[in-house]
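Chains here go by letter, A, B and C, matching the order in which they are written, and residues are numbered from 1 within each.
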Amino acid sequence: MKFTLKIWRQSGPEKSGHFETYEAHDIQAEMSFLEMLDVLNEQITISGGQPVNFDSDCREGICGMCSLVVNGIPHGGQKGTTVCQLHMRSFADGQTITIEPWRAKAFPVLKDLVVDRSAFDRIIQSGGYISVNTGGAPDANALPISKDQAEMAFDAAACIGCGACVAACKNSSAMLFAGAKVTHLNTLPQGHPEKYSRAVSIVVSMDKEGFGACTVTGACAAVCPKEIPLDVISKLNRDYAVGILKGVSA
Amino acid sequence: MKALAAFFRTSVGKKLVMAVTGLLLYGFVVVHLIGNMQIFIGRETLNGYAHFLKSEPFILWGARLGLLTIVCLHIVTAISLSASNRRARGATSYDNPSHNGSTLASRIMLASGLVILFFIVFHLLHLTVGVIFPDHSALKDDKGHHDVYGMVVKGFQIWWVVGLYVVSMVLLGFHLSHGLQALFQSLGLKNSKYSSLIDKLALVGWVAIFAGNCAIPVSILLGLVK
Amino acid sequence: MLDSKIPSGPLAQKWDKHRFDLKLVNPANKRKFKVIVVGSGLAGASAAATLSELGYKVQCFCYQDSPRRAHSIAAQGGINAAKNYQNDGDSVRRLFYDTIKGGDFRAREANVYRLAQVSTNIIDQCVAQGVPFAREYGGHLANRSFGGAQVSRTFYARGQTGQQLLLGAYQALSKQIAKGAVQMFSRTEMLELVLVNGHAKGIIVRDLTSGKISRHSADAVVLATGGYGNAFYLSTNAVGCNVTATYRAFKKGALFANPCYTQIHPTCIPVNGDHQSKLTLMSESLRNDGRVWVPIKAGDHRPASQIPEGERDYFLERKYPSFGNLAPRDISSRAAKEVCDEGRGVGPGGLGVYLDFSDAIRRDGEDAIRARYGNLFQMYEKIAGENAYQTPMRIYPAVHYTMGGLWVDYNLMSNIPGLFVIGEANFSDHGANRLGASALMQGLADGYFVLPYTIGNYFATTAKSCPAESSQEFSQAEIQVNERLRKLISINGSRTVRSFHREVGQLIWDKCGMARSKAGLEDALRRIPAIRAEFWENVKVTGEPEGINKTLEHAGRVADFLEFGELMCLDALERDESCGGHFRTEHQTPDGEAKRNDDQFSHVSAWGFSGNLAKPNLEKEPLIYEEVTMSQRSYK
């Protein structure tokens, strides 16, 4: 197979970027999208060019490091997968493929297709945890948790923090990410003591990082590789509202 | 009060303001429609209803000021949110952006809202203040009351007024259908168990409001109501 | 002679006694001690969080863009703990014994017993953090049996246990970062260890975003940098996993123990081309219903459906009639390799065997199979592009864990004072083979419940010293790092970094993978130095040392694998016996099982850097079993 690739190149955070067009030859249908880029990079290197920088690590869809917008869709549009799990057989031979980084003010481009997602870490630091130190935890079975609750918490906890939700949202809102963490922890009884302060703190932190508001377009959930449902945003909204009415501050 | 003020300081809080004011305005649209449907009963009923509404200036102006406040809150908050959303997006946009499964209605809330705002202004100038067609507004009925029925009929015999009206109702429909779904979400009352019910409710509401609101001018234009 | 500092007294009381004997640091003084933690996986994140909770000043480093992405996240199966919630006869002693036996009697008894003891605390801690473990309808924790254990002691969160445990540790770490108690350095890679007066007192790092090299000094350094599976190029590790941190420590004098102990997982999706960058593991549970076979005739390229029953070889059922398709990981892996070596492998390149569900589908129906393995079949279809309900899956073994690592004593301190090593990066608990669901247990045990106690003893018993970053030792180390980076870029040869990684990885896989022989290892030991020499003459690293340069990052890691691979082969050659994951073809029972030589090799081989890569110094720590008797594994 061969492809025409239109790839975003940007030499540094403060630099302006542009698209460059590459021809990728000898691509096998079995290759993953990122392996196709590996091959392209080897071809570029040998011909004396600068290879394309992009993030990836586990390459099995769980670490959340890979972050490419393929033909306008974060992770490339295959349902429930990250771009590292996308294979070239999903594309037509000879097709032109546009590859861009996540776009959002809170995720500045560092180089080429690499973006800075540390804003997500700071959101978690603002309240995405249960304040328990190591040691002194009661026996794990001392607190029964219904299967439904555990499953609901798990569905939200499956978030890999890749940022596709922000990349897909026309407002660059981080509500699906934040909602997932709040739903995970606030659904479980262990998370109840900090339920409201967690919701309020996380919302304040999201705004501070420069993410937009949710206008319920549903684009985030549509591209989420872990198919986190929009319900988590509803849960965050509710816990936030109740928190504010109770006078909880960040 | 301090807690309520906090709502205006965050994006999620502002969305809650949008949701609450939106819900109230949705309610107003429904009540307004039900009241106006009395045109199909006859001149006397509608004019009597209009006279009743205006008979207590305290209630009338209270309601008007209340509505004005709600509309202003809704608009100011919307503008503030749109501005921050635009900032959040950053300077560069995607080469060929995908809508990623979002609906048209959800993407054009600001545009549909602005059209509705323009329409409301026109609507008020037309039928409340009466400066567009002063002769229509000067009509009196047998009891010497303001002849609302006559004014409405005369106004909607003009094709372009009906045209403007219908176009605005299409956009109002879009705005309300997404608005209703979104407000449940912003209030934290939506989840996958009920979401299809809420979506259906939004659709039914849209169809009913569109059909009801358009029925009046279209019937008049077609000569069904004289 | 290596001193493992195992406490005296009966096995079950060693840890208790030791905790009492450990010197403590006064709480008010703890904030004066600074600790560097390299790595943010289960071990690193849990250690960084816990140490800072105790009051130490902590700096934590990871090469990923967030500590949440460390490769612990990819562990699927579960985590063992001797809770005995199922009332099926589990106990600390049974978990201890299973781990020792699973490790083929090549692990240190006292460490393993302690691991089993603290395993129960881990589950309590994780539940308190909000880890959503699977539950029964009554609300209590669910368990499953895993990796051939006869009791149900594995706790799990669907197929993403590693992710959930890591997020628990990451959140604990985030809490401490928010308090200012931990300073986090993401996208930062350790490139050198700094010793001052023989003690580990700091590291040199490269900021992977700016390219800036900086110095960090501390009172102690903790390495939690994971395993070296990527020495094989293709493994189930993340593509960024590397040996650099531990190998740099080795070159500064730390002993590397048992580097030849690597674990192969039998059910991975096979390699499908030259350009594959990693292998994906599928849960071993598939072998409960799938039957493994290859064609009887070599070079039979007919599609599976056209090969009649009589021309199929169900080789696991044939060789191991009682365990059949459920034979242990190492045994099934080797059997698959053998049939492929005979030219009977299936799929592109002939490196694969069929895992056939057609009998199970006929017996139980497709829906029942879908209910059991739906997500795995889906994953297979995504990667291989084949519908496994209709055609048999193809599987092949792949490297996924390395039991070897830096040598540590009972306190998890290496032979360099002040250098602690935890998690997969050390060697201590799994012997020659790791049991399923034990990696997560060990990482968290080290980070939450062992290191936080033992590191205090080092501080309390040595003179406090956190040298200035301007000191000569730091300057020198920084110069070395800069020189190496500049050298890599200046070569400007004609081959890509990846091509070298692929070449050396393939060689190590062939000669030091599932089965090893004297001749093969000697061949590898001749060829690795040649590849390494060519690398330093002919590699092409583009770009600048400043700013993001993924090629340069990869080049540095491959340069270390090129040296480390030789050490692995040397260790495999020296260990002239078979044990666990280390299978020397010269040493097998008539049935093809690993044959240990306890008289000569019941020891830990700890290698020290001598200046000559081909001749490292070997030190031995004898393994003395006070409470268990060694036996031969048998799965017939």
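By our rule, a contact is a pair of C-beta atoms (placed from the backbone, for glycine too) under 8 Å apart; a residue touches a chain by one contact, two chains touch by 3 or more.
From a predicted model like this one, the values you see are computed outputs, not experimental measurements.
Chemist: Going by CA means, which chain is nearest the middle of everything shown?
Modeler: Going by the distance between chain centres and the overall C-alpha centre, it is A.
Chemist: Would you mind checking which chain's C-alpha centre is most distant from the centre of chain A?
Modeler: The chain farthest from chain A, judged by C-alpha centres, is B.
Chemist: Using the average of all C-alpha atoms in each chain as its centre, how far is it in Å between chain A and chain C?
Modeler: Taking the average C-alpha coordinate of chain A and of chain C, the gap between them is 27 Å.
Chemist: Using Cα averages as centroids, what's the distance between chain B and chain C in whole Å?
Modeler: Their C-alpha centroids are separated by 63 Å.
Chemist: Could you please state the distance in Å, as a whole number, between where the Cα atoms of chain A are centred and where those of chain B are centred?
Modeler: 37
Chemist: Touching chain A in the complex: which residues of chain B?
Modeler: Residues 2-4, 6-7, 10-16, 81, 84-90, 92-103, 106-107, 109, 178, 181-182, 184-192, 195 of chain B touch chain A in their complex.
Chemist: Along chain A, where are the residues that touch chain B in the complex?
Modeler: Spelled out, the residues of chain A in touch with chain B are 6, 17, 19, 69, 71-74, 77, 98, 100, 103-106, 168, 170-173, 175, 203-204, 206-207, 210-220, 222-223, 229-231, 233-241, 244-247, 249.
Chemist: Would you mind writing out the residues of chain C in touch with chain A in their complex?
Modeler: Where chain C meets chain A, its residues are 46, 49-50, 53, 64-71, 73-74, 83, 85, 121, 123-130, 132-141, 157-158, 160, 163-164, 167, 170-172, 174-175, 177-178, 184, 186, 209, 236, 238-240, 272-273, 275-278, 280, 348, 382-385, 448-449, 452, 494, 496, 498-499, 540, 542-543, 547-551.
Chemist: Give the list of chain A residues in touch with chain C in this complex.
Modeler: 11-12, 28-32, 34-35, 38-39, 41-42, 45-46, 49-51, 53-60, 62-65, 78, 81, 85, 87, 89, 110-112, 114, 116-118, 120-121, 124-126, 128-135, 137-141, 143-147, 150-151, 153-154, 157-158, 160-161, 184-185, 188, 190-191
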